[in-house]
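Shared chain: chain A. Partners: chain B in the first complex, chain C in the second.
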Partner chain A sequence: MTAKAPLLNPLTLKQWQRFKSIRRGYWSAVALGAALLLSAGAELLVNSRALIVSYQGEWYFPTYADYIPGRTFGLDYDYETNYRELKGAFSAGGVGDWVLMPPVPYDAFENDLKSGVYPPYPPSVADRHYLGTDSTGRDMVARLVYGFRLAFAFAAILLGCNFVIGIAVGCAMGFWGGAFDLLFQRLIEILNNVPFLYVIMIVASVIVPGFWTLMGVMVFFGWTAMTWYMRTSTYKEKSREYVLAARALGASSKRMVASHIIPNTISVIVTFIPFSIASGIAALTAIDYLGFGLPPPTPSWGELLRQGTQHLESPWIVTSVVVAMGLVLLMVTYVGEAVREAFDPKKFTYYE
Partner chain B sequence: MRTTSTWSTAIGMAGLIALAGCEGESVPEPDAPEEPQSRAAVLPPVEVGEGDGLPDQLPADLVWETNEEDPIFASPDAKRGGTFRTFMLSFPLTIRRVGPDSNGAFAGVLRYNQLSPVTHHPETRRPIPSLATHWAFGADGRSMYYRLNPAARWSDGVPVTADDYVYAVQFMRSKEIVAPWYNNYYTERIRDVKRYDDLTFGIQGADRKPLGEMHSLYAFGPVPRHFHEPRLTADWVKETNWEIEPNTGPYQISKIDKGKFIELTRKPDWWGDGTRYYRYRFNPDKVRLRVIRDVNVAYQHFLKGELDSFSLVLPQFWHDKAVGEPYDKGYIAKYWFYNELPTAAGMYLNSSDPLLADQHIRFGLAHALNFDRVINTVLRGDYARLQAFQAGFGDYDNRGIEARAFDIDKANAYFDEAGFSERDGEGIRVKDGQRLSLRITYGQPHHTERLVILQEEARKAGVDLGLQLLDSASSFKAMREKKHQIAYMAWNASGLAPGFWEHFHSVNAGKTQTNNLTNHANPEVDELIMAYRGSTDYEERTALARRLAQMVHDSGVVIPTFKVPFTREGAWRWVKLPDWLGTRTTGTLFNAQSMSAGLYSNGGLLWLDLDEKERTLDAMDEGVAFDPVTVVNTAYH
Partner chain C sequence: MTSYFIRRFMLIVPTFIGVTILVFAVTRLVPGGPIERMLQEAAMAGADVGAATTSFGGGASALSDEQIDELKAYYGFDKPVVLGYLEWLSKVVQLDLGTSTRYSEPVWDTIKDRFPISIFYGITTLILTYGVCIPLGIVKAIRHKTTFDNLTSAVVFFGYAIPGYVVAIALLTAFAGNLGWFPLSGFVSDDFDDLGTLEKIWDVTHHAVLPLMAYTAGSFAVTTMLMKNSLMDNLAAEYVRTAIAKGMAFRQAVFMHAFRNSLIPIATSFGSNITLILTGSFLIEQIFNIDGFGLLGWESLVERDYPVVMGILVISSLLFMIGNILSDICVALVDPRVKFGSGETSQ
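On to the complex of A and B.
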């Protein structure tokens, strides 16, 4: 069984087909995948840096490069070129220089402020602020896209850490049982009773929480959730005949857990992935909303949500972020449902 | 932080404000009929240190002063009655005035109703009678004598006497109140208090001061001896948490619903009503403070007519939120009132920081910050740039100082001179591998939108600014522990003259728990500060203050930020103000109680027109519109 590549495994194939047949979940997965791919290359789509600048016959690709001072293009300043202005200057100059901007020519940080009118600015196709701006004139699309990427990355890394620790500890508890199990059960109960939001608040009042600090705190309290499921599954699997058989054949503990028990609890693990992603995104958004999350000016949905509720008279802020967040969480949940259904052991079990 | 929003927690010289907060109310006629009775038990005299002490006999050569000739500033049209409904963001942890947990926002309300012997006229800024009718200054330059108004009463009817003053010092020095700050203040700053007769007493302060500032520096309010003496045991803190202490002001707490509201009731026959400067004031019968934990939620309550007034200082409120039906139909009136109050808001650069120790970097940074852009965008052009460390102290201000303006060329030149001439891949300046990266510590979430604009603009000069938002108490703590690089904050400036010693003297540099946030230390400045502190001559003192302000500017440790030379408020149609709205020193127009800004007695001018309220409510039911009301008063602009 271990020799087979998982995709060729008839059971995996069946699960995949079952997943595909659940249209809602399948298309959600496709849409989410596409969104992730696009957001991974967001610099090419939503950015204040030009894609290509052609200046005096030379081509520049500023997107992923070091900053290019304005002087390079004959402007009179040393700081980063404003490519939108450059584009205007080039097309007015008419000497054949040109600039190709991304579809949304703003990044998540710059304040596009106009004199005489005050932010937040409503959506405008002419200004290419397709969803308007926030209260300091930053483009909503840029804030949303970069915020999505960050939140998803955060949730994915959080999930990885939580699962590695949670599965390892949970399996160990179930497999060894006894004093070890008892000790960790108590430890986990204690951890579960620490109000994690307060810890975040205390941490945030002492230091500025960064991406990894927040991750650290959330992993510290988050890994416990998986342990209970893994512990019960391991207990269950441990007493099955195939594990006993492996033991009788002299398999080491490590081998029994890694090669026999974990593959048979995979449905538990996989089922939890989408829901953990959703809760990771929601948790980051919540603490950002409360102001204890990533420091400004990091693009974040929680911060947008807060701005939105404070600026209800500028409905595009709250609408954009609520719709975006609703959609993403809904899709993740659909995927989760479909995965759960596809892996439902009542339909397919590995050992029968 | 009053400068930026009236509801934000005032941080800063909280302790000093606490004292300045003991404000005066009213003065009885000198020949009032009732004579307070002498107490049987005579208090032991206050402990006095070496070289201190008031004379045993009242000096014969005292020149007694009073002030019954300054203009009155309340409106004779004011009507009594009604309940003025307002809110607080959290319920107080105690209603004690001193001791643990007592210095919260509600402390201000309590202090409004505990008067000092003398207060200051909000227009002329001269002393006016409050609990005392007359005052005189001792020859030693640091003592004052007061004669109490014989009509002055505690809220339980007991007369206010000189014993209450002697007791105040003993009380404030006692360990049982668990208030080290007060213990220290009443030992170090207040050196002696002596009773001469039931109504006459003297106070001696620590140092000689100009006569004009003595009241504001050394005067304090009495403590009701008859109330506290039996209670002052080891359990005092616990037992008095929710006991209503007798007070001398117009309002007393009448109802407490823990976690929900506190209601104060107007004393029907308050002793101050007959006095010149308290007449026609403090008109609502009741003031009810409801707990509403979020400002935006409170605003919704205001729109529904459940609160009578609301602060609209923030541009977002004034321009975006304070629009729509209730305003267009004239149910809610908007008031924009310019005032003249002391202000001190800035970025305080920690000169102990290796980067900021270099003056070139400090100057470069000042030129890299585009405050005008902030003012003209998110602040809607309403605020103004503050030019010096502090302003609003009249002759003490150095109006010749101009804050360093945004100028990338100058910033570049200074940074180049400091050796940060290269730029890294992100355009940030570097020197020997060190980035020109600085952190701004601040405590108010609504300042973020101002700072992100400064942050983006500063990148043009090659400075990377990090933002560290802490909650307001922790941010001030971090600053006082000098853990900041750049402290972005505002002082609750008050008093009659600016303070330099606490902010710039070298004895406060390099130490935690001092207000010298810049760690500024310069022997020449020290010398001037000491001369300034010791000077009793007004001309000399103001000249020294102006010179000091210039030297602070030259050092570049302070980058002044914004000033808000006005208050903006909304109020329902039935809340009335005098035609002149407020006074030169009015910080809050719709303040039902004693005072609203530092030392000046200027609150309590409003009244509720109950007939108008009925008419307004009827009109709202029927959808009838009045003319919209927006009043802009620039009398003090």
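On to the complex of A and C.
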């Protein structure tokens, strides 16, 4: 037996080089990765809880802990400390106690209402509502950041489920062919023809769909796209010589599919990832926009878009969401385009 | 080839039954159907009598149990799913889509009224899309990697990445909500019937600008890039190289040879566009409150008007399937090399 193949074979390395050389896609990937990392730690950046509280010589780190009642800091209540007020109280007190707040000192659920004025409030640096608030006084930045995190997680899990089912069924269809293939072809055609928004709306009118219900319905209708591509490429690969050789050497069906066919269809799989993420985000936002998605008060871009169209006189709501969504989807698409080019470079002929 | 298409047409039947039975089952198995909705409305109308404690379906509601059963029988909700479906299907085969529970008129009449609006938007979108995308794609292919190409690529990419409904919301907020250049919603103004012919045309146009832009944004990017890429593939092909090598003018080589062949992929997308023409977009019609096919679907879902939901499903799924076959026929017509049917298992 020879040594195991290196993790990155020369072809993969070459594809990676090509991907890196497409600057737009590469930097989009870097920026997206950074945005994801930052949003994973969003509690440290956008939160109503303080990062550090120094009170009577002791340091507190409330971000990820249980809530700290106000009495701990010498306030007169037992519910969770309001750190923004605490900060004001400490700096007025001048005893050397201090509070370090995150850059955006609001979380996605609290209604920061002012007396006498009705929300939505316009953007204001003084209030630290950098993009304003929504129609119930919740901070736009917080809603956007937490909404992004949730939408991306949703799209990623959706992609995972769709790919597992899609690759398994697609390979089986291509590999076995025959009646199995025909049966699933019809099934896919049926699922493709059902407008899945209808089903989601019918279901949502009865039960308020949670994260997983929504995921279930979307996977139920979503796995077909991947399946179709996998079926075609399995068909192609199956009739190639190397698979015939493996079969002649006595490889089992499982081995032929798992270690010969799937690795050779990897470019189809990888190319699909960014576009699936983009369409996952777009679909979730559409359902939320229609009001049949995640239950309130879950932060979501679709729900913000809905608020924005109901409050046209407050253009910062729609503007923030459209710009955020535009940037994210544009970057995801740039990455997708670069990945596609890295895996399947096309050379064109020019005339002068 | 003919037998292939005949087989395709025959396969519509099982798929159609599968699609309708799935949605039919969902509408039946989910509680809170049209009858409950009616009772709810009746109860709300009668709430001023002081019947706040009335529970739906109970003996104290606005209707007696027998009346409810009668209603259920009238709309066919009293049967088990399979029987109900078979009855519904046998009516559909006789071109009877049933009665709307909301409007109490035949479903077909309700749907028919919405067609002109959707067709208007569909055809205009189609003309705009092809009218802009084909020339733009050609110029972009010929001037590949020039400033013009890069600039338009940015726009095209933006249109590709952003879904149509987000474009619609952005346009609505900016140009209708804040600048007030265009009306907020609807297909025509309320006083449309009192206007003169010229004013009528202006009114429709004025209302149509934003929705059309949103509709076009959806298919614009894909079609342009398809046109550009396929023309570039053809420009790189041997036969164009040969034509240029033997001294044919570049312009002539592009239009006489490469262009005609690069229209083939465009033909593929034609069939699915036909569906779009007739069914419109759920989201865009909802955003602009255009009284078309899509909005009807939305309203009847919200109002649990399941006969209309099923009627729309029948029409849209039939159109979709026929559209797919039509686009394959289109491809076979424009490209005689394409042979369907013989090599399906080795694709």
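Basically, the second predicted complex is superposed on the first by the 336 of 352 C-alpha atoms of A that agree within 3 Å, B and C clash if a C-alpha of one lies under 4 Å from a C-alpha of the other, contacts with A are read in each partner's own complex, and residues count from 1 in each chain.
Going forward, contacts are C-beta pairs under 8 Å (C-beta built on N, C-alpha and C of every residue); 3 or more make two chains touch, one makes a residue touch a chain.
Not measured: the values here are computed from a predicted model.
> Contacts for A:V318 in the overlay, against chain B (first) and chain C (second): which applies, first, second, both or neither?
A:V318: touches chain C, not chain B.
> Figure out whether A:S115 sits in contact with chain B (first) or chain C (second), or with both, or with neither.
First partner only.
> Just chain B (first), just chain C (second), both, or neither: which does A:T309 touch?
In the superposed model, A:T309 contacts both chain B and chain C.
> Who touches more of chain A, chain B or chain C?
C
> Answer with first, second, both or neither: which of chain B and chain C does A:Y67 touch in the superposed model?
first
> May I ask you to decide whether A:V208 touches chain B, chain C, both, or neither, giving the answer as first, second, both or neither?
After superposition on chain A, A:V208 lies in contact with chain B alone.
> Could you look at A:A286 and tell me whether it touches chain B, chain C, both or neither (first, second, both, neither)?
second
> Counting only touches as set out at the top, which of chain B and chain C does A:E80 meet: first, second, both, neither?
First partner only.
> Mind sorting out which residues of chain A both chain B and chain C touch, each in its own complex?
Correct list for chain A: 205-206, 309, 313.
> Going by the contact rule set out above, which residues of chain A touch chain C in the complex?
177, 186-187, 189-190, 193-195, 197-199, 201-203, 205-206, 232, 235, 239, 278, 282, 285-286, 289-290, 305, 308-309, 312-313, 315, 318-319, 322, 325-326, 329-330, 332-334, 347-351
> Along chain A, where are the residues that touch chain B in the complex?
Per the stated touch rule, the residues are 66-67, 69, 77-80, 109-111, 113, 115, 118-119, 135-138, 204-206, 208, 291, 295-297, 309-311, 313-314.
> In the complex formed with chain A, which residues of chain B make contact?
Residue list for chain B touching chain A: 296, 315-316, 319-321, 323, 373, 376-378, 380, 408, 412, 423-427, 445, 448-449, 451-453, 455-456, 459-462, 466-471, 474.
> Which residues of chain C touch chain A once you look at their complex with the stated criterion?
That would be residues 11, 14-15, 18-19, 22-23, 26-27, 30-32, 144-145, 157-158, 160-163, 165-166, 169-170, 172-174, 176-178, 184, 232-233, 235-236, 241, 244, 250, 282-283, 286-287, 297-298, 301-302, 304, 309, 313, 316-317, 320-321, 345-347 of chain C.
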